[in-house]
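So that you can tell them apart, the chains are marked A, B and C in the order they are listed, and the count of residues begins at 1 in each.
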Amino acid sequence: MNTKKINIKQILSNYALFLIMIVMIVVIGTMSPKFFSWRVLRDILMQSSTRIIVALGCLFILISGSADLSGGRTVGLTAVVAGSLAQKADYYIKFWNIPELPPIVPIFAAVLVGLIVGLLNGFTVSKLKVPAFLATLGWMMVVYGTNLLLCNKPPNNSQPLGGFLKSFTNLGSGNINGIPIIVFFALGMCIIVHILLTKTCLGREIFSVGSNPEAARVSGINVFKIQMITFAFAGACYGLAGALEAARTGSANSSYGNGYEMDAIASCIVGGCSMTGGVGSVVGVFLGVIIFNVINYGLTFIGLSSYWQWVVKGLIIIIAVAIDMRKYNTNK
Amino acid sequence: MEDSHYILELKHITKSFPGVKALDDVSFAVKPGKVHALMGENGAGKSTLMKCAFGIYQPDKGQIFVNGQPVVFSGPADALRNGIAMIHQELQPMRSLTVMENIWVGRLPYRNTLGIHFVEWKRLYKETKDLLDDLEIPIDPKAKVQTLSTSHCQLIEIARSVSYKAKIIIMDEPTSSLTEVEAELLFKLIRRLTEKGVSIIYISHKIDEILDISDDVTIMRDGQIVGDWPASELDMDAIVKRMVGREMSNRFPEKKHVPGGIKMEVRHLTSANPHSFKDVSFSLHKGEILGIGGLVGAQRTELVETIFGLRKKESGEIFIDGQNIDIHSPEDAIRSNVALLTEERRVSGIFPKISVLENITIAKQTADYSVYTNGPFIDNRKRTADADQYMKAFDIKAPGLKAEIQNLSGGNQQKAVLARWMLLTPQILILDEPTRGIDVGAKYEIYSLMEQMAQEGKAVIMISSEMPELLGMSDRIAVMCEGHLSGILDGAEATDEKVMYLASTYQPLEA
Amino acid sequence: MKKALLLMLIVSMLAIVPAVFADDAPVAGVIWYNFADTFIQNARQTLLNTAAADGTITIIDADSMNDAATQTNNLNNMYTNGVKYLVLNNINTAGISEICEQGKEEGVTMIFANTDSPSDEDFANYEDLYLVTSRAEMSGTMMGKAVADYWKSHPEADRNGNGKLDYIMLLGFTWHYDTQVRAEYSVAACEEAGIETNRIGGEVIAEYNRGKAQEMVAALLANYGDDIDVVFACNDDMALGAIEALKAGGFFQDEASFIPVCGVDATVVGCEAVEDGTMLVTALNNPVKLGKAIYKTMWLLENGKEVTTENLDMDGVEVEGHRIWINYVGITKDNLAEAAYDITDPAF
């Protein structure tokens, strides 16, 4: 079984996405050598940051064997919540009649709102036994509707929120020694999640539940608790991403985060997560997000029409999953 | 009373399921450090009894004692706490995780830092390594379970039971999917465990295996205990007699059909799956009912599904009417006038939420759209005419043709599925456990239909695990054991003992 | 539990019905393409506030949720409701004639609002057909003119010195009418002023989304940083995204690192950027004017008066036949005050 033959096919299928990415980078780089620059790397890392955080939330959900469609709209809602609490005191369309707050407050509030959405998702899935796909679809709509209602609140009247404090926007657009602060957030989250998933009992129990919920239950694991925690954590990730999205763009409105959940799921799958649970890693998700952002950035960079980005992204997902399925088939 | 020297006692256990009394006042006791075999035919109640002992089922009546103390199990977790573990095929491992995590899931060793429970991977590895070394299981604790063979998965499950400090390990058919070499590994492990004072309850159909490994034998039949004996006092004949020991009554229609010339020949058929059947050859005559007997795991279903094109073959040929027929899919088989009534009616037989009418007519409709259509549309009159004919002929009791088939009784569902195949007028009809889960009256009707088909000159193959049915209906009985055809008995000469003997020992036929 | 839920549902539905048909005033059915759109929301609120204060005409409205099929359902519902006026913020631009035809059959007064104009034929075919909209091409022309003026007065604006205006065009959705005319007329205005132009980066579709625009401009900047002379954006959100990316790329640090960015909509945050000196110009399509022009048109018809520029009597609103045009207002640092409007003021 375990003969250590070096099999080129095996290597190709295990690292196919890497190879695709490297080929893309090389092709783009030959078309425009400026692609190999610190600035491009920085831009891609920066643009990947919020998406990585969303994908990390999604990673939890997928490992635990569930699905979550509410991610994108939760990012939208929490972006508005964070933005509304980060406005300058003298801004003329002030969302709430409150004094200026330190930037930790809007971030904390966004994380809290995300957490609540996560708990609602978790409760609906694990207590009310609504299939995760439908439960999170339902809450996604509720979250979006809530966001529309919130944005329409006078005096804002559905205007994009603006006038954020410099201390807040700095989290998204500022840098330390040339490294964007937002990248630190993303890398920090990666490290936290990596430790949580691989080094703690909780993390391993999430894997167990995703791998085989029945076996986990028989082994005395509280599956309800685990599912609540995964959804809550995912929600908190969406919340943080929402706050950073507002800080990064210096604005927020109800259309923020649209479609992020699908990007996140796609990144996770491309990064080696299994749709059936029990498999996934932070490193994989990180690379998955980076691959998509290299495509987005690279194709715009060389001035190729945006339409192509959809075609290429779609193909990447299909190739990634097809390779993954082959791996399983050959094992049997 | 000498209760104290039993580690586990089940007293006066009764358990009923809708329509069936699975266990009727059963008492069973196990001594410490012994291998106690539990035997009986399919459906005798062995697995049900063990599921009661492991807390998966709660008995309707009766009590369970562990070390002389009465216990009540509300679930497997309770049983584990009381030192009882069970290994059965239904509980799948967590394939994507490592061996050590599978063993210690839910109980990983941890270090508490700032309220966060960090897994102590080194300790986990060491404890697993010690455990596996102690049991002489040569598996790397860090290996992913999905890379292991079935037998290694089973050894891991046993190690897991030991890690719970289980005093009693129940093994339900542990060798059914193992090769001989793999089984030998398992027996070695069982002997080591008994040396340490662990008791094993061992369920198996393989009599030679039982005689080899067990200290005590309990035989069950029809939900009751036949008796307990020390293994040393038994031999294969004695066991078979006690397992079967049932009276045959006149439950079958009179045999009027006469087998004719050869309809189909199967030559050296070998499955593409290396763990399935090998080199099976037999012939089937017109107007004959050929029974296929054997135990669970004998690969009978795999054999007929391969003939029908549902599974891939590695080698071998199938001749129908003297022609070498290449069957790669059910469509091919249907075109050659072969029909298969599958074993799992609910899984691959009925379309539960669809009407009886469509359930009956779907195969014929698929074979040729034009039969039921009028222009581009389905003509319901044509379909109804066909379905009605069989509703009457087979006496299918249904509220109407439009009723969802899931609302019919098992027997009527089975007759409807049979009608589906009869509409295709097959020349070869393969029935896989056609009367499983059907009440006695409906069974007789299915037997009558089989008899009728044989009289019409059709060739019938019937897989059955019910000995009386096999003996009562078959002109000849092919008996399989572990993927090999161990012999073909003439129906008139076949007896329970002969079938059971062939089913339990693989004896290669001299070519 | 179930019964309680059912009861709640019934009660809430009963509560809505009388609220809609409370009085005998003529009813105008208004169908907006998307309530989630800021501009539409403001126009809608203005219309509702104005009607509520005046009371001559009762408004019921519906959301097509950016979907042509939903719009068709809404149309049928309105006809079934027996409305006298039908205001349609049409998104089914391919089906205008059919819609006019149906309106004629139903005998309602049709008013197309903030959308493509029905053809002259359609107007000839049905006398109770009106159009109230802004001149979409004006928004493009305003961006183009502002850039042309800047280009001529600032020779250093040609950053690579090739004599051409190298621009990025941030598109919303390419099927969207506003996107098409804004992109077309902004460049046309530059060329009319005798400036040679050169598009960079192809069709950059940022879907009216600020974050997307920011990311795409960042990518273009990394490759074409020294060439880009100006950024046109088909709405303010995209313009603001571009500005964020430009800031990160070293622009807008001082007078010398200014680069012209143009937007459309004059949103609050957009005007703020104009005030800060980062956005060169934004074109205001005043939602209050749209809401009020719609209401006043119906009010005039209801009172038997002709719809003319004089009778409407609104600044920047001109009538040509049955077409009522609302002019865009270019907002620059000099006339920021004109960008302010008040949706709560019901006067018309």
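Annotations
Going forward, contacts are C-beta pairs under 8 Å (C-beta built on N, C-alpha and C of every residue); 3 or more make two chains touch, one makes a residue touch a chain.
Please read all numbers here as calculations on a predicted model, not as lab measurements.
When each chain is reduced to the mean of its CA atoms, the one lying nearest the mean of all protein CA atoms is A. When the interfaces A-B and A-C are ranked by how many C-beta pairs touch across them, A-C comes first. Separating the centre of subunit B from that of subunit C, both taken as means of CA atoms, is a distance of 70 Å.
Distance between subunit A and subunit B, defined via averaged C-alpha coordinates, is recorded as 46 Å.
Rounded to a whole number, the gap between the C-alpha centres of subunit A and subunit C is 33 angstrom.
For subunit B in complex with subunit A, the residues that touch the partner chain are 75-77, 80, 91-97, 101, 105-108, 110, 116-119, 121, 146-147, 149.
The residues of subunit C lying in touch with subunit A in their complex are 35-38, 41-42, 45, 200-206, 208-211, 214-216, 218-220, 222-224, 237, 240-241, 244, 247-248, 267-269, 272, 343.
Listed in rising order, the residues of subunit A touching subunit C in the complex are 32, 34-35, 37, 39-40, 43, 46-47, 92-93, 148, 152, 157-163, 173, 245, 248-251, 253-256, 258, 296-298, 300-307. Interface residues of subunit A facing subunit B in the complex, by the touch rule stated above, are 1-2, 199-205, 207-208, 211-212, 214-216, 218-221, 274, 278-279, 331.
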